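Chain nomenclature is as follows: A, B, C, D and E, assigned in order of appearance, with residue numbering initiated at 1 for each chain independently.
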Amino acid sequence: MDAIILQILNGLDKGSAYALIALGLTLIFGTLGVVNFAHGALFMIGAFCSVTLSKLLNLSFETVDPTQKDFLGNPLKVKTPYVQEWFGPEVGAAIIDWSVPLAILFAIPIMLAVGYVMERGLIKHFYKRPHADQILVTFGLAIVLQEIVKFYFGANPIQTPAPDALSGVATIGGSFGLNISYPVWRLVYIAFSGLLIFGAFAFLQFTTFGMVVRAGMADRETVQLLGIDIDRRFTIMFGIAAAIAGLAGVMYGPINAPNYHMGMDFLVLSFVVVVVGGMGSLPGAVLAGFLLGILEAFASTTWATTTIPGINQIIIYLVAIIVLLTRPRGLMGKKGVMED
Amino acid sequence: MGILEVKNVNKRFGGLQALGDVNLSVAENTVHAIIGPNGAGKSTLLNVLVGKLIPDTGSVMFDGQSVLGRKPFEINQMGISRVFQTPEIFGDLSVMENMMIACFAKRDGAFKMQAIGSMWSEKDVVEKAEHMLESMNLADKREMHTASMSRGDKRRMEIAMCLAQEPRLLLLDEPTAGMARADTNNTIDLLKKIKEDRDITIAIIEHDMHVVFSLAERITVLAQGTPLVEDTPENIKGHPKVREAYLGETQVAA
Amino acid sequence: MFGLKNTDLRLLLIVFVLTMAAPFILNPFPTESGLAQFNAGYPDLMQKFVIFGIFAIGFNILFGLTGYLSFGHAAFLGVGSYACVWMFKLLGYNVVPGILLSIVVSGLFALLIGVITLRRSGIYFSILTLAFAQMSFALAYSVLSNPKFNLTNGETGLQVYADDPQWFHSDRLPDLPHLFGLSMRATHKMQLGAWEFQFNAGYYMCAVIMLVCFYLAIRIFRSPFGLMLRAVKSNQQRMNYTGLNSRPYTLAAFVISGMYAGLAGGLLSAVDPLAGAERMQWTASGEVVLMTILGGAGTLIGPVLGAGLIKYFENIFSKINESVLHQWFGFLPDGLEDFVITLIYPFVGKGWHLTLGLIFMLVVIFLPGGLIEGGQRIGRALRGKKASDAGKSASTEPAE
Amino acid sequence: ASHAGFTNAPQGGTVTLGFNVPQSGPYADEGADELRAYQLAVEHLNGEGDGGMLQTFSSKVLEGNGILGKKVEYVTGDTQTKSDAARASAKSMIEKDGAVMITGGSSSGVAIAVQGLCQEAGVIFMAGLTHSNDTTGKDKKANGFRHFFNGYMSGAALAPVLAAQYGNDRKAYHLTADYTWGWTQQESIAAATEALGWQTVNNVLTPLAQTDFSSYIAPVLNSGADVLVLNHYGGNMVNSLTNAVQFGLREKIIDGKQFEIVVPLFSRLMARGAGENIKGILGSTNWHWSLQDEGTKAFVQSFGTKYGFPPSQAAHTCYVQTLLYADAVARAGSFNPCAVVEALEGFEFDGLGNGPTLYRAEDHQCFKDVLVVRGKENPTSEFDLLEVVEVTPRAQVEYAPDHPMFAGGNLGQCNPGA
Amino acid sequence: MNVKPDFNKGKNYAETAPAFLSVWNMEAYYGESYIVQNISFNVHEGEILALLGRNGAGKTSTLRSIARMDNPQVTHGEIWLDHKPLHLMSSHQAAQAGIGLVPEDRCIIPGLTVEENIQLAQIAPPIGWSISRLYELFPRLGERRKQEGVTLSGGEQQMLAIARALARDIKVLLLDEPYEGLAPVIVDEIEKTLRIIKEQGITTILVEQNAVRALELADRAVILDTGSVVFDGSAKEVLGNAELRAEYLAI
């Protein structure tokens, strides 16, 4: 029982990551109709917002400590972060410790700006172009962004640990006779994703904004004929999608250390999630994210891999095939969206 | 016994009874018009005939064979061709290529591998396509992409493609909508000529009464999914119910 | 001639001349000069050009004509490679059986996958093909390489070992892939002044096969079958109501392009007898998509150009390191030299991806029709205004 | 004229070496460090710089005037950590640039692929970082040599230390990257630890592309195991270790025993990626800059002065292999691969770190001391991440050439090519 | 969009703009094909102008140009609506300035219900008729309010398209073949509606193939042929001029 619940939690956790990325992607891909191969790069940039912030907070001045030697035998230079100098060692250390949550605040404006620039500068010109062209241009952009990050941060992963207070293990379910310990940060991640997903839904469902964007996606020209400045709304939409992807990245940092190609690692999977969920459906994308996450978690148990060797390697694709063959438009897809 | 027999066909969309107990018999080698108010179910009926929609109940027989359960291309190969209400053509292909596709489909059936033959060496097809374009006044546009044609031209293109298929039953869904008067008259003449030249049955949906009354030998009036009356044009013109529900006052004069 | 119209024949001739003279054309710089770095006329890269050219031509038959965007075509390439190496292992190093088998096996594999995936269209089709390819990759990478049942030799890649049966191998034959005794590696080097040109047996075999493939592709493009494929892309609804069954057409196109991919895979093994699973990964499938779009989807020669450009960057730009830059800019005063090198360095050597990404973006932004459009524009500019009218009428024929 | 009869016999006053390292992809940083080492080696061979290990090397034939009087030049390429790309890049070095020796790489798959290619083409291959038993086991080739240690040697060095530190009565749970290298390492570690009384309760294969290992870590908790062995490298290692620590494995007490995590193959670059999580974790490594022998000190000094940070084990391997190749050519008096192979086979030397070293003739594997290291609790700098726990003497990691884990291969004949 | 007013004449055309809506020397291209070839005409406030011509004459293109849609691209000329320079606006700005186009293929938005299609028109200012008032005019739409717009029958879609235009407070209604595909009774209805609309003071440009019908309704007529104006005058004049009708309208 414990084991099952643990895997469900793992599934939820993976699922939140998939769902968050897919949510942003489906806004751009399923709603604006742009095949955005740079979406993974947005996720990665989000994570690197947090790396950058932590670097900034760790900006240090050097003092020479003659009692210690460095690897060449010279006196060791000891580094002290400026924040510790300014705010005192304790407060300074606490600020550094909380850099990931702080990075959320830091990342939102940055991601909105990145989304804005990307849409205005590039994507805007590609709404009416064939999907193939969109693939090429966004793939090119993804490579460029990735290489820039690699140029400044290197290819190795860089740890962005959760604050100490949130990095332990929580024991849950005690009152139900269960004994489950689960990393606190992962629980935070699940909760955060839930909030973000809910927020995005509320925004798109309970405001006319969502309707306008959907309409604009289906027929841009006509929506403009009705006096609506669809371009501006698309830009906002893109910014939101970028921000969601970026936040997903920030929050993911403590789970797995960010590296420059993390976006590409998630890219294909997030397309699969969006399509399995069904084009143009936000709930579909979220549902598919959680479904695939949980199935993946269970497929990697020893029980599953001994029953069907290699199932953990192919489960996601297998499920995708089964879903798409039994349900022509994925789980909750809308008719007519990107079927040609 | 007509070439097309529609019996007790029903079709619901959710709460809406789009077709209710439609019975219709189209006699061979006649022009049969189906008219009726907007939303009466005319296009829906056509969709049922060509396999785009499957009716909830009822049967549709073409020349003694059931069309239900067949795929659209199979129904077409049986000899039923359809012109759509909004033109459906191969937009990014040229006029000539559009026509050749239709001619190949007529000659070779639903599928044929001719991966390395050259399409321009298929003399009979090319000639027939040229001829069709000629007769539909489209020859001077042969290299044009059909997507950039004006709408009247698109419609003529589609009719021409259907005729190239030499169907036994031609279904026309508002063929002259959006056509200039001159072309409408040309189309009427063309359809008349085809009617004379070969054995063909035509079912036509049209709101332009000028077209209907120049062509139709029989008229079925559909209203709210059910045939209201079926009669000769003369009788329909004078039918009070039809006048009230459909024709209005001005049209009869036209 | 060959049943082709004049324009097509001219195109074929141009491609013929280009491939046959490639060792000269691709080696424009003297061996000792600093620019020799940009020479691409050595066997491996020339082979890659034509082999990936074949891959892209085949892919374009599916994508360019029908608009079905397969994101799993690398699976067929991989299967072809494995089939060919297995022939080496079992029969011997003659490439003929290997290449034939790779076409057959990939064709069958494409048939199987096509029957399933073509039930969907649009993005759903793309993801289905992607899923199949990723599954094939995962299976090849680990599951099918377990010691009990080793079909692919996993990460290391399938290769010929000394204790393989090689039933038809004899000591007189080369111990490397060969065509009835002519080793694929046989290279004739020709010294011409400061230049050196290499004529490689493997390259010429691949080049001839590519010409045949290209010829067939032209025929397909111009055939009634090709017309039907374009009809699929244009309007499936109208197609069905014109009495045409679109499914067998798309399936045939899928299988043909799968066979092209398998052939390319077989040739990769034929010139270099090692088949690795990563050939089947989504990045490999993505690469052929990029090649095709970059060159110009739906055009005959575009995909080949796209393949060439990507492979060129991968192999040439990645090798420009700091010391090469210093060699080039050594003539500049020191400060300036360092400055120039700092500017250029991020874009070459380990930064070659960056340049490639930028090229992708620049090409789609400024040449919406791909490289081929660039060529047309240059051609038009050269021929002046009069020719530009001709260009306009040619553009109504999309498969130029 | 004496150089005729083999592939790419150097013409004129220069000789070209091919440095084939990952410059893009996840191992790019490691590749960059390898490249730095190569450049340093070339400098030293050409008589520039402080000479590095040339001073400490037991063989004294290299004079700092290039190789056999020919100035050393080099070309570089990007393996992308993909066999195809690595082979393409190596081929361009051989076919276009006339390289007589190819070296580098950062994974076993690539090393084996390029080694095979060099065998066919008739050039020498000096493998870079490759740890799979197969490189000098079932895929060994006469033209290829490996300076790096392997999975078996990791096991042989690590097991006694593990037993000493954690006791003989332990239950190990293995997570293993599902490809050749992972399998051979897992096999080696399991065999070595079981020989000392450990039990292997489970071995779970994880997909290469896995990024989140939580669903593999969770079952460990209830398996009864008290040690987790992570047969992962690179990004996989960083993530699986991070996840294991996240799940609180290190705080667990199982049957009164402290739960432990072991990472059999360590590299400092990866350790940096793993951050805090690496502290106190045991593993093995080929070489570490904090060793105190003369060779190491000279190399670290020379590398550190030039680049500002200490070299990684990959850099060390690559540097040493370049020197060894040059030395073998000088001793043989010829660039002919077969002469080089002859000179390297059975070659014993010292002064390049890791104590006295042997290139065994039977399989071209090098034998030398292996380091067991632990993630340092209180690093003084960002480079000071590992502390050496034990230097396992060479004798303890040696094995017979026909050891079952290495069986099945055939070195074949050296191939001089054309 | 990016069209600069042409000041060749030395003074701003707006000052002399003789009418409510003035199109002056307008030229427009689809890519490289020159479709609208230097068209000028005026429409006075509150009148109905019939824009006639054969298939392909450029009627639709003219309307689209006035509504400032991206395609065809207007490269030259000026368009003034009530002293506002439409030629400097993009299409949503033109819409806000009071242009309401009912496109020839109706362009009902897929995925939205009938009611949502109308609501969409009332998001940007200025808002015109209320939804309930529109349902009074077209009861059929009220019955189908929850149905997806694109599944309506052809005639119903036409009603929706007109309703959608009226849902905005427009100054000029551009109707591209509004009778097409409609049952004769409905055509009568719409004609009545157009009269009602005219009474409200809305200016209308009507493109219609059924020239006689259009001319009976219209005050004035402009006839286009291959992208140029060949006639500009009163509707009566056309009806009375058999030669003109025969040559350009074939009636």
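List of remarks:
Operating definition for what follows: contacts are C-beta pairs under 8 Å (C-beta built on N, C-alpha and C of every residue); 3 or more make two chains touch, one makes a residue touch a chain.
On a predicted model such as this, the values are computed, not experimentally measured, just so you know.
Any chain bridging chain C and chain E, meaning touching each of them, is among A, B; the list is complete. Fewest steps needed to get from chain B to chain E, stepping only to touching chains, is 1. Note: the chain lying farthest from chain E is D, by mean C-alpha position. Among the remaining chains, the Cα-based centre furthest from that of chain A is the centre of B. Each chain gets one centre point, the mean of its Cα atoms, and the points for chain A and chain C are 34 Å apart. Between the Cα centres of chain A and chain D there is a gap of 35 Å. Chain A and chain E have Cα centroids separated by 47 Å. Among the residues of chain E, none is in touch with two or more other chains. The multi-chain contact residues of chain A, meaning those touching 2 or more other chains, are 313.
Residue positions 138, 141-142, 353 of chain C are each in touch with at least two other chains.
Every pair of chains in contact is given here: A-C, A-D, A-E, B-C, B-E, C-D. Listing the residues of chain D that touch chain A in their complex gives 25-29, 178, 202, 204-207, 209, 211-212, 214-216, 218-219, 221-222, 235, 238-239, 242-243, 246-248, 251, 269-270, 272-277, 289-290, 300-301, 304-305, 309-310, 380-381, 383-384. Residues of chain A that touch chain E in their complex: 208, 211-212, 214-215, 218-219, 221-230, 280, 334, 336-337. Chain D makes touch with chain C in their complex at residues 23-24, 28, 31-32, 35, 39, 74-78, 82-85, 87-89, 91-92, 95-96, 108-109, 112-113, 116-117, 120-121, 134, 139, 178-181, 205, 207-208, 410, 412. Residues of chain B touching chain E in their complex: 13, 16, 35-40, 43, 85-86, 148-153, 174, 177-185, 207, 209, 245-251.
Interface of chain B with chain C (complex): residues 50, 71-73, 76-77, 81-82, 84, 88-94, 97, 100-102, 104-106, 108-122, 125, 143-145, 161, 165.
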